[in-house]
Amino acid sequence: MDDIEIETVEEVSLSDPVFIEGLPGVGNVGKLAVEHLLEEFEESTLVRRIYADVFPPQVSIDDGVTELTHAAVYAVETPGEGPDLLLLTGDHQAQSNEGHYHLTDAFLDVAESFDVEQVFALGGVPTGELVDEPSVLGAVANASQRDELEDAGVEFREGEPAGGIVGVSGLLLGLGGRRGLDATCLMGETSGYLVDPQSAQVVIEVLQDRLDFSVGFESLEERAEEMKEVAAKIQEMQQQQQGIASDDDLRYIG
Amino acid sequence: MDDIEIETVEEVSLSDPVFIEGLPGVGNVGKLAVEHLLEEFEESTLVRRIYADVFPPQVSIDDGVTELTHAAVYAVETPGEGPDLLLLTGDHQAQSNEGHYHLTDAFLDVAESFDVEQVFALGGVPTGELVDEPSVLGAVANASQRDELEDAGVEFREGEPAGGIVGVSGLLLGLGGRRGLDATCLMGETSGYLVDPQSAQVVIEVLQDRLDFSVGFESLEERAEEMKEVAAKIQEMQQQQQGIASDDDLRYIG
Amino acid sequence: MDDIEIETVEEVSLSDPVFIEGLPGVGNVGKLAVEHLLEEFEESTLVRRIYADVFPPQVSIDDGVTELTHAAVYAVETPGEGPDLLLLTGDHQAQSNEGHYHLTDAFLDVAESFDVEQVFALGGVPTGELVDEPSVLGAVANASQRDELEDAGVEFREGEPAGGIVGVSGLLLGLGGRRGLDATCLMGETSGYLVDPQSAQVVIEVLQDRLDFSVGFESLEERAEEMKEVAAKIQEMQQQQQGIASDDDLRYIG
Amino acid sequence: MDDIEIETVEEVSLSDPVFIEGLPGVGNVGKLAVEHLLEEFEESTLVRRIYADVFPPQVSIDDGVTELTHAAVYAVETPGEGPDLLLLTGDHQAQSNEGHYHLTDAFLDVAESFDVEQVFALGGVPTGELVDEPSVLGAVANASQRDELEDAGVEFREGEPAGGIVGVSGLLLGLGGRRGLDATCLMGETSGYLVDPQSAQVVIEVLQDRLDFSVGFESLEERAEEMKEVAAKIQEMQQQQQGIASDDDLRYIG
């Protein structure tokens, strides 16, 4: 296997596809969002698998059959006028500094092989506490994209996220911007302690507005309710133990 | 020395050989199993040594003479109808993420140079407690292999091992499967605290069934008895010290 | 993106330019000094950006627009007789051992592409306590440079800095010297706990003497005053908490 | 700079030179031994410097002048009948797993460029306590060398050193042996807590016997006396503090 290997699973003809990344991260917001889109768009085609020696050296097992760690790209021919979608997801990010750069380059190579011009990186920005109505924060690789995103409700707050954007989401903008692509990062506010379906939903809502598609949110809303109950129970336990309810004590639950 | 160097020690003509991996891991189950087979099949030929800059930078010493860290492949021309065997063992796994991938590729290159079509990766799955009658859990690179293995008593349990299979055993299935090889992982249940000859035995018993050979188990059974006595003494000591017998306190003994 | 990529932003014709490095380090002395020079020399031209897979895999955000981690080289055509300047700065150093070497080689490649013959690496040497009148310590890649620097007030103290010079500043001398360049390291004494504008000033004063330029220091002096107040308040807090004023308790503040 | 760069400083014509390695390690025994030989053989010629991106990214400073981290090889044309010597020393070993392998390959390339056929790697084996009359333990890359070494007083003890030989000394035997060189490791017993001139002396005494040269030991004996006084004082301090003298409390002093 080459250091990074892009496997062509199927070829599909797409019209002006937009590339959307949802790899694991804060609150797993991006991953949840892309997985939800794959659920809702029932007809999606697995087009590419990306293997790399910078992914964890392991296989996952499903029904006794193993699968080598990889990132997957699915093509969705959306009904309606909006652009088709290329959805990137997986269970892991690169395990090394250089690996992040080279893996992101591979993802952008896949995007460019489909003549993608617009990239969305999805993630979460940790607030440190449970948020009732999470906002979507934004960052762009080039300034011309800001206005339309702000019209869609995306907030651009100076100094946030603190420390910039780390990992594949940041590099999709950094490296994608240098390739002349329109790259945007949408980050749903999230506590950082829990996998956050509600945050995934608000991020998808922005995408729907920008990309002119429409999906249901029932399953995400159900999961959000479950997470709320879990969070409430934990806070109750904390109060019993310490007399002081504290969000900082919530353990990360997925 | 190249980054990874495969040294041809001897050439042997084998008929439909099966490749069996037994490198160090949980309970050293795989390593014990392969070493036992090498003992029992008295006529084995060292055919390949694999050196790598991702092995620990050290030499072992035997009778004052040093040996550079390496993995070794032995050829066994089995009596009877069953396939010949290529047995891979060694004292170390790769020391880096990328190293695991590239070293496993080298092992598969050796296998394919002998026209191997079937690979068995042997290991242990930790249960956290001493097991009287360990089962053999299985995972396969492609589904068609499952039935015959289940007939041989291998259990395929959903969700086990938790977290998949990490290291060379997992990658032999992941990378081997992508090369079109039939790759199977056999994992004997083991506490995870002790080197486990009994677990090695049950794994070999599955191999015997699948590959039509037969070996004795006297030395493994003797070692298993010794380990049982060691385990019993430790539990006794723990009870005296704490009043509570706890398997979690058993130290890893080899 | 290549492992290390030098992007030509603009071409400029300089006369006998001198290369000055100011990347983050002890007390951020070098970085502050170069940033101050860029402020004072209002007409500077960004000529090169250096990207690398050994920089942290992240983007910074300014006004909602992302920028991939990089080091930047600015050209300054100085008024007067003194040499023109090439100023190197950035927010990060390389994140790996080999990365330091290869990144510094890239910086030297940029310098040599402008026919630079003289390199100054700026930094701080930690004293462990607040210093009222910081000296500038020096080190050179070749001995012929010492006398003129001592005339300019630079101190060459045997055994200092203890442990030599680590990171890009040290390698600019080590690798630059091997390329036949005149490389000098100027290190302002600093506590090591606080970003130190005063230390940056004394380093610039040496440069002014050697390179025949002149800048104001008002903004640095203001920042130095602010830092003095901050340090005084911290010491006060410490005294209240412990009864003993101790410089060791000052936290690093930037 | 290439990843590893061998700089030819001077060319020398040697007769049947033997390569002797003395890089930092346990008790700095090897380094002390080689440095002592360089002192005693007043006429030595620096023939090679080896730079590498796996050495620490730093420069040392002597008299204000910097020197990039490197290993150095000196040639000694010995008086008398014995072979000439190539002495390898330096202040650091490689900083990575792969680096150890590739750096040792570079050292062996230098040795082979002088038609060396015999290599000695010098080091210490830690005993955990002060040793009055340290023995020299041995290991060889090929068995034919054992007898002559035993005649010279070298002890080959089964199972020692425990865990084999790690780092450049081990790899000189591992990689050197695979190149067909006669490689021997001589390890002086040492506490492991102190730099040990006495251990360096007994190692040199074996070399003298095998390689037919003769040097004085006055400076090493003086240093050994100093170390004994230091060790005694520390033990006294420990006794005062704890009532129990313990060698385990001796801190590493160089």
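Read from first to last, the chains carry the letters A, B, C and D; within each, the first residue is number 1.
The working rule: contacts are C-beta pairs under 8 Å (C-beta built on N, C-alpha and C of every residue); 3 or more make two chains touch, one makes a residue touch a chain.
Here the structure is a predicted model, which is why all the values come from computation and not from measurement.
Trainee: Looking at the contacts, which chains touch chain A and chain B alike?
Mentor: Under the touch definition, chain A and chain B have no mutual neighbours whatsoever.
Trainee: Using each chain's Cα centroid, which is most distant from the centroid of chain C?
Mentor: The chain farthest from chain C, judged by C-alpha centres, is B.
Trainee: So chain A and chain C: same face meeting same face, with over half the numbers shared, or different?
Mentor: different
Trainee: Could you please state the distance in Å, as a whole number, between where the Cα atoms of chain A are centred and where those of chain D are centred?
Mentor: 54
Trainee: Can you check how far apart chain B and chain D are, centre to centre, with Cα atoms defining each centre and the answer in Å?
Mentor: Those two chain centres are 38 Å apart.
Trainee: How are the chains arranged in terms of who touches whom: line, ring, star, complete or other?
Mentor: Topology of touching chains reads as a ring, each chain with two neighbours.
Trainee: What are all the touching pairs of chains?
Mentor: Chain pairs that touch: A-B, A-C, B-D, C-D.
Trainee: How about chain A: which of its residues touch chain B in the complex?
Mentor: Spelled out, the residues of chain A in touch with chain B are 1, 3, 51, 53-54, 56-61, 63-69, 95-96.
Trainee: Can you check the complex and tell me which residues of chain C touch chain D?
Mentor: Residue positions touching the partner: 94, 97-98, 100-102, 104-105, 138-143, 146, 156, 158, 160-161, 163-168, 170-171, 173-175, 177-178, 183, 185.
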